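Per-chain numbering from 1; labels A, B and C assigned in written order.
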Amino acid sequence: MDSRWRTIRGHAVLVLLGVLCVFPIYWLYATSLRRPGDVLSLSLLPWPLSLQNYADAAHKLDIVRLLVNTTAVALLTAVGQLLTGLLAAYAFAAWRFRFQRLLFLAFVGTWLVPFQVTMLPNYVLLFQLGLLNTLAGVVVPNLCSALGVLMLRQHLDGFPKELLEAARMDGRSSWTTLWTVVVPNLRPALAALTILLFVNAWNEYFWPAMVLQRSNAMVQLGLRSFMSAQEGTDWGPLMAVAGLACLPVFALYLVLQRHIVNAFVRSGLK
Amino acid sequence: MFVEVALPPPIAVPVAERPALVRRVLRAAPPYLYLAPALTLLVIWTYRPLVQTVQLSFFSWNLLPTQPMVPAGLANYERLLELPELGQAMLRTLAVIGGLLPFTVGIPVAAALLTRRIRGRARVVYRALVFAPMLVAPVASAAVWRWLLDPSAGAVNRVLGTTNNWLHETGSANLGIIGITGWHLLGFAVLVVTAGLAGINSDYSDAAQLDGATRGQVTRWITLPLLSPTLVFLTLMTVLLSAQWTFPLIDALTQGGPAEATTNVYYLLWDYSFHSYDAGLGAAAGIMLFLVFGLIAAGLVWLSERLTFHDD
Amino acid sequence: MRKTPVALALAVVLATSACGLGSTASQEAATVTRVPELRPDQQVSIVFESYNFGQAGAWTDTFNELIGKFQQAHPNIHVTAQKPQGNSPNPATDTVPSIQAQMAAGSPPDVAQLGFSDLDFTIHGLGAKPLDDLVGKDAVQANFDGAKYPYAPTARTLGDWDGKTYGVPFVFSTPVLYYNASLFTQAGLDPANPPKTWDDVQQASQAIKARTGKDGAYLDCLTKSAKDWCFQALVRSNGGHVVSTDRKSLDFADAPAVEVVKMAQNMVNTGSTPKLTQQQGYEAFARGDIGMLLETSAIQAQFIKGAKDKWDLRATTMPTFGGKPAVATNSGASLFVFSQDPAKQRAAWELIRFLTSEDAYTTIASKIGYLPLRTGLLGDPNGLQPWAAKNPLITPNVQQLAHMEPWVSFPGNSYLQIRDGMMDAVEKAVYQGADPQTALTSARDAATSLMPAGR
């Protein structure tokens, strides 16, 4: 029947797309789990499984330290961006004040400023602050995210103003209102946004590469140094490091998939 | 016994009134205070460097404290505009935009339209699969695609039986970069379009079908126009951001090569920022990118107001 | 009313950001005077920057080992190692911008390893300190002489300018023709008689391709990422130059260079040379998929590992153009001093002396494969003689060292664009079929406008 055929067609399309999208990721992990000698094998399932590539990679890079550092940086960055964004969005949503549009444009405008414009002066400032070659130096300049402000403002625009009014009638200060009325009602959105910001910070390469000169303290830098290794490309361990570089994000994804997808999609829509 | 004695009239104690201005300031302060942390960060880490870079772009200087900054007026900008590579880079940027549109608009729309009927668990699973590439870090993506596209050891060539050096031959390098970037973005675009489709009121298509319109006609004359805000949004994002999206991959995989086949405008200006050893020229490259970006973005926003067909 | 606050805001931002980076006034470069020796109790910290730290592998391990030994020998000097700041996949491309950025911030590394191609800019642009002034010409020459084994005569002057020594040459190689003796045998060629001229190479390549199906030869000298050290060797071997001896004009569009490019292009067109990037090229050779490779000995360890138990790796000197003698140039880098502080300058010199000592070269040569610049070590039974006996691969390198010419750096601040423009043209001609004369001429014309005026 017509509709059954259409359903089958729909499934076929989605299966094809799904496989195309996931295959490279699958291949990455499959290659990393093969025995070093089997790395060139084309068999779809890696068998026998072997963790030798991971062991080889751990030999050359202190993977655990890299992952710990990166987690700390990504977490601090995400939380920082969330807090500054929340405060700023609250300001935009709960008040009408002068220069509101101008200031909002100031946030949007940061999206247009390309990295090479800010990198050198920020590098010099970091040096003057003594934060070069530190993880703090990676976090501090990124503590405000225009994306965060925009998304939270959107959410807060849809927030029922009556609740805010009621709180004000109760004599609560704006600060109290924020934390007792607004935040509890925004929890899912805040969680989704934190994940989004965490993933963005986790995948960031260029600014950490500028700041961390003395050691590849973060996992994307370690992976990059592996790619241009002096002894030539060792595909097995390289896939192992790449796999580990993506693993925490994928682990989060498996657990929180729905929230993450929603967060990304909403961030794209006006 | 008690004699009522009238209380003396209360002395009017003048309450020190706060001056009206201070009170007004205090009342207006809270939003600014909430904005302060974010704004301070913005000013220090984005706008201050922007202004410094603008200043620097009018000088010629090789960054050494022992060498003076030589005022150069507009010479840096002229030099950039006269670069022989600029024209080619612009053409390649247009090629990248054109190449990405199928991935950000074409396939997602087709997929979303063809799969409207799938619901429930299956939909969730497909969505999860299709969205996964968006989460892969550019560096990791470069690693695995370099592996897949390796001319002798990579899976793509081994399965297809070819020996192309996909990322390092002038004919295919840019296509390879476009393909990998498209792979990253496909899931995101499919989901955006699906969300857009879901937001369309089905009354319209129902009414049209009652009137005897075929499915194709309904799609063409009702669904797509109502989807236009989403489509316009995706198209504009592609036009504005393609060069930027391909950048981490180009930097990791081809470094603009082979023979500049993957050098688009963004990469060209980046290269000049870093490797010209003249900080003024590099600054001018960054500012030029900023200005062009801003102009195109403004233009596209204006255009989007004109093009979208809203369901009012 | 609205405009004023905006204008005010702009003014505030401008005021706080002005005088952020540099100044229009020219600062006096500090004159360099002799620096005193360090007292035994004087604690000094120095920073050593080398692109070898950027990549995982044997180089990083070897360097860390050397620095550990140095700190044991000099307990009052603490060395912090770092790689060049920047985000290029190959840290070697970031060396100069890294020094620039750190100088802009006000703290360049004390010792840095920079390539010979950057020599002119390192001295005149970055302001590397003349070692002859810092520690005295006698001390510098004494270091070249070493405790027992002096530097090869051609190696001593590579870091000099106008008679003064600025950099101590640290590691380099000459172009070596590595070849796969197993493939030679399979193709019916005699591995004991490797090709002597480029015509021989072409014939051998065709034989290998026809009889084994593998590629014949890859010259890692013809792409932008390969830089121009070995291209200069080819051009010099054909009797030409890339830049005139008075450094005032560019000669890479003249006949000798064009012939070199034509020869290489012909090899690609006839299928002798595969169209691969630098990394793909040497990795393919290490796998045994290419018969011959013209390459630096710095990555020799990779070939040895790839060939182990699989194929027979051998090496010979550069082929010649007909009867003309082959001229080898050096790749590699020198160590320079950038610090302003006298104590750090002295400590930096101590580090340089240590890294270029006999002990250090013994470690570097045996663990990485670079040529030991103190060639006498190769005859020392306690030094590198056992290693040399097991590694006949270094023989061609040592032979070519005797008649080596320097890798010439281009003049001016835009030297990198000149060099890249030249190598881009070479790459386009060889691998993309552009006409060699046209490509090189237009590159030369574009580059001439980048040459410094009036030198």
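The rule is short, and it goes like this: contacts are C-beta pairs under 8 Å (C-beta built on N, C-alpha and C of every residue); 3 or more make two chains touch, one makes a residue touch a chain.
What you are looking at is a predicted structure, and each value in this text was computed from that prediction instead of being measured.
Asks: Hey, if chain C just vanished and nothing shifted, what pieces would we be looking at?
Replies: In the absence of chain C, as far as touching goes, the chains form one piece.
Asks: If you tally contacting C-beta pairs, which pair wins, B-C or A-C?
Replies: Pair with more contacting C-beta pairs, B-C versus A-C: B-C.
Asks: As a quick test, compute the distance in whole Å between the mean CA positions of chain A and chain B.
Replies: Distance between chain centres, rounded to whole Å: 15 Å.
Asks: Just curious, how far off is chain C from chain A if you go by their C-alpha centres, in Å?
Replies: Roughly 38 Å separates the two chain centres.
Asks: Specify, in ascending order, the residues of chain C that touch 2 or more different other chains.
Replies: Within chain C, residues 17, 20-21, 86-87, 89, 101, 104, 106 contact more than one other chain.
Asks: Counting only residues that touch at least two other chains, what does the list for chain B look like?
Replies: Residue numbers touching two or more other chains: 47-49, 52, 252, 274, 279.
Asks: Two-or-more-chain contact residues of chain A, please, as numbers and ranges.
Replies: 120-121, 205-206, 224, 226-227, 233
Asks: Can you name the residues of chain C that touch chain A in the complex?
Replies: Going by the criterion above, the answer is residues 5-6, 17, 20-21, 52, 54-59, 80-87, 89-91, 98, 101-102, 104-107, 279, 282-283, 286, 299, 301-302, 305-306.
Asks: With touch defined as at the start, can you tell me which chain B residues reach chain C in the complex?
Replies: 43, 47-49, 51-52, 55-56, 59, 61-71, 84, 150-152, 165, 168-170, 251-252, 255, 257-260, 274-279
Asks: Which residues, counting only chain A, touch chain C once they are in their complex?
Replies: 60-61, 99, 102, 120-121, 123-124, 127-128, 132-133, 205-206, 209-210, 213-214, 222, 224-233
Asks: Which part of chain A faces chain B closely enough to touch in the complex?
Replies: 3, 6-7, 9-11, 13-15, 17-22, 24-25, 27-28, 31, 40, 42, 83-85, 87-88, 90-92, 94-95, 97-98, 103, 106-107, 109-110, 112-114, 116-122, 125, 141-144, 149, 174, 199, 202-203, 205-206, 220, 223-224, 226-227, 233, 235, 238-239, 241-243, 245-246, 249-250, 253, 257-258, 260-261, 264-265, 268-270
Asks: In the complex formed with chain A, which residues of chain B make contact?
Replies: 28, 30-32, 34-35, 37-39, 41-42, 44-50, 52-53, 107, 110-111, 114-118, 122, 124-148, 153, 155, 158-159, 183, 186-188, 190-192, 195-196, 229-230, 233, 237, 244, 248, 252, 266, 269-270, 273-274, 279, 282-283, 285-287, 289-290, 293-294, 297
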